[in-house]
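Read through the structures below before going on.
In the two complexes that follow, subunit A is the common piece, with subunit B as its partner first and subunit C second.
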Partner chain A sequence: MNRDELRAIILEELSAIAPDIDTDTLNDQARLRDEYDLDSMDALNLLTALHKRLAVNIPEADYARMHSLSQLLDYLEPRLAR
Partner chain B sequence: MSDFLMPSLGADMEAGTLIEWQVQPGDRVEKGQVIAVVETAKGAIDVEVFESGVVEELYVGPDTKVPVGTPLARIGSGEHVVTERPEKEPEPETEPEPETEPKVEAEPSPVRKVPQAPVRTGEAAQSRASPAARRRARELGIDLAGLTGTGPDGAIVLKDIEGTASAEAKPARPAAGFDRDEMRKAIAAAMMRSKREIPHYYLATTVDLHTAETWMEDYNRDQPPESRLLIAALFMKATARALERYPDLNGHYTEAGFIPSEQINLGIAIHLRAGGLVAPAVLDAESLSLPELMLRLQDLVKRARSRGLRASEIGGATATVTALGDRGVDTVFGVIHPPQVAMIGFGRVRRRPLVVGDALAIRPAVDITLAADHRVCDGHMGAQFLNEIDIQLQQPEAL
Partner chain C sequence: MAPPSDRTNDVRGDLPPNLSDYASARSGFTWAQARGELAGMPGGRMNIAYEALDRHLNTPTAHRTAIRYLPREGEPAEISYRELAERANRFANVLAELGLQPGDGVYCLAHRIPDLYAAALGTLKHGCVFTPLFSAFGPEPIRSRVEIGRPVAIVTTERLFRRKLAQWIRETPSVRHVLLIGPVEDTPPDTLDAAQAMAAQSPEYATRPMDPEDRALLHFTSGTTGKPKGAIHVHEAVVAHHITGKLALDLHPEDIYWCTADPGWVTGTSYGIISPLTNGTTMVVDEEEFDAERWYRILQDQRVTVWYTAPTAIRMLMKYGPELARKHDLSSLRFLSSVGEPLNPEAVHWGRETLGLPFHDNWWQTETGGIMIANFPSMPIKPGSMGRAVPGIETAVMRHTDDGIERIDDPAETGELALKTPWPSMFRGYLNEEERYRKCFVGDWYLTGDLARCDEEGYLWFIGRADDVIKSSGHLIGPFEVESVLMEHPAVAEAGVIGIPDEVAGETVKAFVSLKPGFEPGDDLMKEILGLARKRLGPAVAPRQVEFRDRLPSTRSGKIMRRLLRARELGLPEGDTSTLEGSKE
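== the complex of A and B ==
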């Protein structure tokens, strides 16, 4: 799976949680919590959805490394390539 | 035998619109079963029946707006079932000869209006459409009156709605299931009543969350995301425990005065992304384990945002928690939702300098507040209550 495909999957799951976010114009560098008003419940739901879909378990200790979409991609990409 | 009434889903609700029956006359129903969907300012709510029995008669048809307390159906032993639907759809094939009828077009078009019984609202009430189609049309903001049905007798069915939705270039994002202006009005009415009638007093305390967070991190380490806890679950459970000990903060203030509640139905204020706020209750919160409570919270948030809350959850809270923590404020002083008598606020969890023993330590901490009704209790008790929440949070393994 390449980065674009992964990005599309994340955006799809994000849309399901926060349908009001316009994923076409989403800024990959923006902090999801501040810029798109994702709270801790939304974030957990997103990780749960990604866990189910991609079978990648993101431990809580790594949350701090994933504030933006691009950071989330950086984190997931090498883990999926294996 | 009794009547199933339009429920009051909060002090601010005067009327509701029955959208859909999920039962037919003659159906056996069990206490707690969802039998109808009602549209309110808070969105579409699933309404449960409060006794077991047989649906004998439906008094009110879909898309009818009636005041709170209006009988909607009769639940009885099943001896007197009236199968006639209150909202008789026009039945062109079997209609009597025109001379006995008022002037009605014989064309079985779903958009045709026919003379109808009174108390109806909206165009959609008079179109023939399946419940699923009505629901979807509401979600998409499509007016049924403008559609041509492909179902039996020209009824509008789900695929007609979906067809319309995809035909439009890019349909507006589905409405979150509520009318924003109506919700604003409902919140305004409840909050005005609160500030007019309830003499609030406010207290705040800062609680060290080192123990609670450490415990939760340990717990979450081996859990997949779907089983992890959020600190909000610990806040809710600690609050429910404290309410158990201080019953003067848990219940409803009515014309007869304060009536404490034996059940602890803890409301949680949920911000809806499209704007607005609902505060459904976690029923019997003190009896749930933390993982159970966490699942209930997730489920409530999901259903609050996608529509699908139940009447007992919407009207049933005996005290409410507001946790604005993620929104980046340290302290939130709530406004009590009448007829409740307490609102407990949790601010942002933030690392800050705290005195621990004889030294200064950097600890995660939260400001917990209480807004309480001075008619029912005094600040002394309120302070004990907040301290009890603190004590509970210092022993997370016991929550």
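== the complex of A and C ==
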């Protein structure tokens, strides 16, 4: 899976949780919490969904490293390759 | 009375507890005496901000740190009592120059930044009525609260203004001023950069002496039906803010105190602004939202001694496991407390095992203005119980009868939790809703809407709500407010909103909708409806799930039966359905 495919999957899961976000214009660098009103419950649900969908283990201690879409990609991409 | 040895594991350190013996503290307590711990103002007048700030200024407290501010990134900032008072004075002077009069409403919609505190206290100093709003609200809950409370000024940040207010604020005629706190890059039209305006003002301001019964705070809360309710609190409430912080949270001037509640709610105001200051503590204010590792680091690095947090946050920490906690030195902590929803026994035990101290649960609500029931440091905790009535407060569990209420004496029987009136921080009304206010009282008793039991030792146990309000992450959500927005979607015929149990948030919001003819259920439509709700209500209020139903159970008069929806969803007994439409008699 390349980065674009991974991005598409994350956006799909994100829009299931927060369909109010316009994924076409989403800024990859923006903090999801500040710019797109994702709260900590949403974030928890998103990471749980990604864990299920991608079969990637995401320890809770790493949650704080993923504030934006680009951080999510940076975190998940190398873990998929393994 | 329990011997002192019972409490040695529940509180740490050498500071003697402010309430050392429950029975004697209770029998010797008078509100007049509690009032005597404050300075008051000449002629029997009062001001919450005077007690929080001014009265410390001729004491050594003036130079102590009032707020230790932790920005999202970068170094902590220390704000002394004197500096905070001067900042609040500048804000009060800005309000005066703008022509605001005592009694005018000032709303605040902001995340935790230092000038939020200056704005709140400056508003009170000027005799205006302060209302906090939750910054995670969407535009709809904000607008409905503005329309009900008709504030003259709104304090917010540039980002929140652009995202949540700019589109509609000019349509609400009461709002004459928008003041932007925090960094302002490009001042939008018709707004004022508050920092700039404050810089031009004097740091001196003579705090207005108010009648103790003058309005000071307006806090919104939710009921089962109708619009949000604005609970009115007066300046005299500070007597309860102060003494309950001292007795139930055991605040001492030496304490480094951290209240994690958002200042957009009543806890974040009573115990996140007022009480820690009247008690002369140093409070930690963190700009960032929940982040387990950051929180442990704060407890460790700031040497926090008293920590007041919420069950949702505790349960999130529990998910991260004990290892993370054990990597940190949490030895400065001496007293832990929790509020917002009932704290499950596992969380009390987890505190004891992982942090070395158990959490002391306490209970109160927007209407009560301050803590009413608590597990005090000097008495044994009963895990799962909210504790005993604070001194000065009489509680009872009531049964409803044909001609009123009567007290339940049987510890096994559940009834409605009631508080004997009056007390200083009791709400004095729901704004413009006299009838709704009156309905909360029977005789001398305020009925809380919470169902509880009282055991032989006077410990109260929360059982549930008597109405349909939802409690998610410690916040009350009125189903009607959510249903109203769902009904705005052109496909929705009926909507019913309930709370379903959630291991972290306590409850989360779930919506059931039926569709108008010509619309078919499907994923796209579901997302559309969910998206609309989130956009309008914000994530804190919007449903996390939407489910389609052919029709919703309703009474013959057309009212959706949320209780039945909930019973069916959770597999509970359905109870009396005789008024159900289509049911057989």
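For the reader, a short list of remarks on this structure follows.
We take it that the second predicted complex is superposed on the first by the 82 of 82 C-alpha atoms of A that agree within 3 Å, B and C clash if a C-alpha of one lies under 4 Å from a C-alpha of the other, contacts with A are read in each partner's own complex, and residues count from 1 in each chain.
Everything below uses one rule, namely that contacts are C-beta pairs under 8 Å (C-beta built on N, C-alpha and C of every residue); 3 or more make two chains touch, one makes a residue touch a chain.
This structure is a prediction, so every number in the text was calculated from the model and none was measured.
By the document's definition of touching, both partners, subunit B and subunit C, reach A:D20.
Residue contacts after overlaying the shared chain place A:A64 against subunit C, while subunit B stays out of touching range. By the touch criterion defined above, A:H51 lies against subunit B but remains apart from subunit C after alignment on the C-alpha atoms of chain A.
Applying the stated contact rule after C-alpha superposition, one finds that A:D74 touches neither subunit B nor subunit C.
After overlaying the two complexes on the shared chain, residue contacts for A:E5 are found with neither subunit B nor subunit C. In the superposition on chain A, no contact is made by A:D28 with either subunit B or subunit C.
Residues 18-20, 33, 37, 39-41, 44-45, 60-61 of subunit A are contacted both by subunit B in one complex and by subunit C in the other. For subunit B in complex with subunit A, the residues that touch the partner chain are 173-174, 176, 217, 220-221, 224-226, 228, 230-232, 271, 273-274, 297-298, 301-302, 325-327. Here subunit A touches subunit C in the complex through residues 15-20, 33-34, 37-42, 44-45, 60-61, 63-64, going by the rule given at the top. Subunit C contributes residues 136, 138, 159, 289-294, 316, 319-321, 324, 473, 504-505, 508, 527-528, 530-532, 534-535, 538-540, 544 to its touches with subunit A in the complex. Interface residues of subunit A facing subunit B in the complex, by the touch rule stated above, are 18-20, 33, 37, 39-41, 44-45, 47-48, 50-52, 57-61.
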